[in-house]
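Look for subunit A in each of the two complexes below; its partner is subunit B in the first and subunit C in the second.
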Partner chain A sequence: MTIRSRQIMALGSTAALGLLLVWGVIRLPDFGAYPGPYSDVLNAAAVAERHVTNIPSAVNFDYRAFDTLGEEFMLFVAVAGLAVLFREQRGRSNRKNPSVVQVSEAVRWMGSGLIGFTVLFGMMIVLHGSLTPGGGFQGGLILAMTVLLIYLIRGDEAFERLSRRAFVEALEAAGAGAYVLIGLAMLTTGGMFLENLLPIGRLRELDSGGTIFLINLATGVEVSAAFVLLFAEFLEESRKPSSER
Partner chain B sequence: MNVLPYVIAVWLFLAGLYGVATSRNLIHLIVCLSVAQSSTYILLIAIGYRQGAGPPIFTYVPPGTPAVDPVVQALALTDVVVSAAMTALLLAVAVRIYKQTGTLDPQKIRPLRS
Partner chain C sequence: MTVIQAVVFVLVAICGTAVVLMREPYRQTFLLSLYGLLLSILFVMLAAPDVALSVIVIGAALPLMILTALRIVGQHST
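Presenting the complex of A and B:
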């Protein structure tokens, strides 16, 4: 099939699908006139029930905690699949040449100054996930960025030392496993899987939210380790084996 | 009747889909898929929006202040994570395909043989 005929066919079918979709959405409630009762119930109940003030976090890590478990394991499986895909092809004995990157003074100075800030910011976003916007997913990604920042200013060798595969893999598995263990711990105390049975703490303080805080922390660890692993795999893939040079 | 944000979501979805169907480069194809997926963020957030309501975060405002739907926001977060994981996995597949076939053009990649 030539590219032109493919374009014409794609244009025709997307146009048809577009008409169908527009026909579907014009009957939706007006933008800004959301009628559903769930938001009212949750916005009214979650603050008193769980002592958290960031309601999307309460939804993710408490009311829909089981779904988020699936979400977290989807990330886990995706990173594992990526590692398998790369490593199978790469083999174990392949010696890699670390690439020598010239880093400008500006990048080095700016990067060095930003590392401390990024670590603190990431930790703040993870720890305050139940109180202010943020949470384990967002903060974990910021923490992973720190490692990438160090790669940017110090190059391969420092990155390798920071992202020792066995350690990062163990950290990722620990984060994902902790989520399940928190759920199972609730079972042993007579509750349901992932039911929030811990004391909910003081409102607007760090210890509020019961399991929400712990799950948030586990997610933060899992996500940051997962993304560091992701970078490490892609970086390794981008280097050429010494034999091919 | 105001459904413009929903129509924008449809438009983004279709633009991404058209790109996927006619792409001549696997990296471009993956970016198109991300564009199509980003339409779902707009759809989710737009559905939960309420005229004059604030964010569903009650750190500094008393509970009971009008707020948008927190459920769709949580879903959008899930959506972003799925998108990131999928993009990473697909890029890995693209790297692998390039190393095996020497091309990123989906037209030139021969079908899989058993």
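Presenting the complex of A and C:
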């Protein structure tokens, strides 16, 4: 095939795709138009029903908590699979191979100053999941990022101390298990699996939302531990001597 | 759509294009985090603070991971 004919084909297919795109954009609903009743119903009902002011949390951890359980275990299984795969390849022989890294003064000072703030911010996002935007997933990831930040500032040794495998693995499993246990606890009280049967507390206070608060917390623990573990495994993988890769 | 929403839309489009066109990994990483910031502002403008927070979290995690990866790759190549 000559370059000329390829160019003609590329032009033709690009034009066709462009036309399709234009056609699709023209048929889009108006900017900001919302046809469905779902969020209107939720906005009207959820605050009174659950005493929760962050409706996405009420949806994720209560109205469709079973879906979110699946999502959380997706992350759990993915990280567990990755750890099994890497450890199988790595074996037990070549553990420590710490590298000495030069960190610029700017990164060290800036990072050191940010750590405290980031930890607090992550904890706030997790704890206030039922009140303000955010929740276990977002806050958990922020918490995991502080560990990564510490790695960037202090290097391997500090990171190793913070991410002892047994501890992080136990945290991750505890977070994932707590979610299921909360669901099962609702069964024992005569409700359905993951039905919100706890007192819903006072509106706009930390104790509102019943199980939403607890599930949020469990998710925060699970997500932060999962991402620390994920990063630790990748880091260890990268530390293998180049000849083995 | 208000004027400020339109402005942020255009900024996001420009910054997204810049991320694609930039070939130098370090600069690309910083452009990427700027893009994440603009995207989160856009979502706040569109009254979706929860999505904005998710974008901020991804925007904080992804460049940090890329930076770390770049550093590790740099160590091995020298």
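Going forward, the second predicted complex is superposed on the first by the 207 of 245 C-alpha atoms of A that agree within 3 Å, B and C clash if a C-alpha of one lies under 4 Å from a C-alpha of the other, contacts with A are read in each partner's own complex, and residues count from 1 in each chain.
Everything that follows uses one rule, which is that a residue touches a chain if its C-beta (ideal position, glycine included) is under 8 Å from a C-beta of that chain, and two chains touch if they have at least 3 such contacts.
Since the model is a prediction, treat every value here as computed from it, not as a measurement.
Look at A:86: by the touch rule set out above, it reaches subunit B but stays clear of subunit C.
Judged by the touch definition given at the top, the superposed model places A:112 against neither subunit B nor subunit C. The larger set of touched subunit A residues comes from B, when the choice is between subunit B and subunit C.
In the overlay built on the shared chain, the residue A:54 is in contact with subunit B and with subunit C. Applying the stated contact rule after C-alpha superposition, one finds that A:125 touches subunit C and leaves subunit B untouched.
Once the two complexes are overlaid on the shared chain, A:152 sits against subunit C while remaining clear of subunit B. Touch criterion met: A:6 reaches subunit B, while subunit C stays clear of it.
Of the two partner chains placed by the overlay, subunit B and subunit C both lie in contact with A:31. Within the superposed three-chain model, A:133 lies in touch with subunit B and with subunit C [touch as defined at top]. Looking at subunit A, you'll find residues 31-32, 54, 56, 133, 137 touch subunit B in one structure and subunit C in the other. If you check the complex, the residues on subunit A that touch subunit B are 3, 6-7, 9-11, 13-14, 17-18, 21-22, 25-26, 28, 30-34, 36, 38-39, 42-44, 46-48, 53-56, 58-60, 64, 67-68, 71, 74-75, 78-79, 81-82, 85-86, 89, 131-133, 135, 137, 204, 230, 233-234, 237.
On the side of subunit A, the complex with subunit C involves touching residues 31-32, 54, 56, 99, 101, 125, 133-134, 137-138, 141-142, 144-145, 148-149, 151-152, 227, 231, 235, 238, 242. Within the complex formed with subunit A, the subunit C residues making contact are 1, 49-50, 52-54, 57-58, 60-61, 64-65, 67-69, 71-72, 75-76.
Of all residues in subunit B, only 1-7, 9-11, 13-14, 17-18, 21-22, 24, 46-51, 55-59, 63-64, 67-71, 73-74, 77-78, 80-82, 84-86, 88-89, 91-93, 95-96, 99, 107 touch subunit A in the complex they form.
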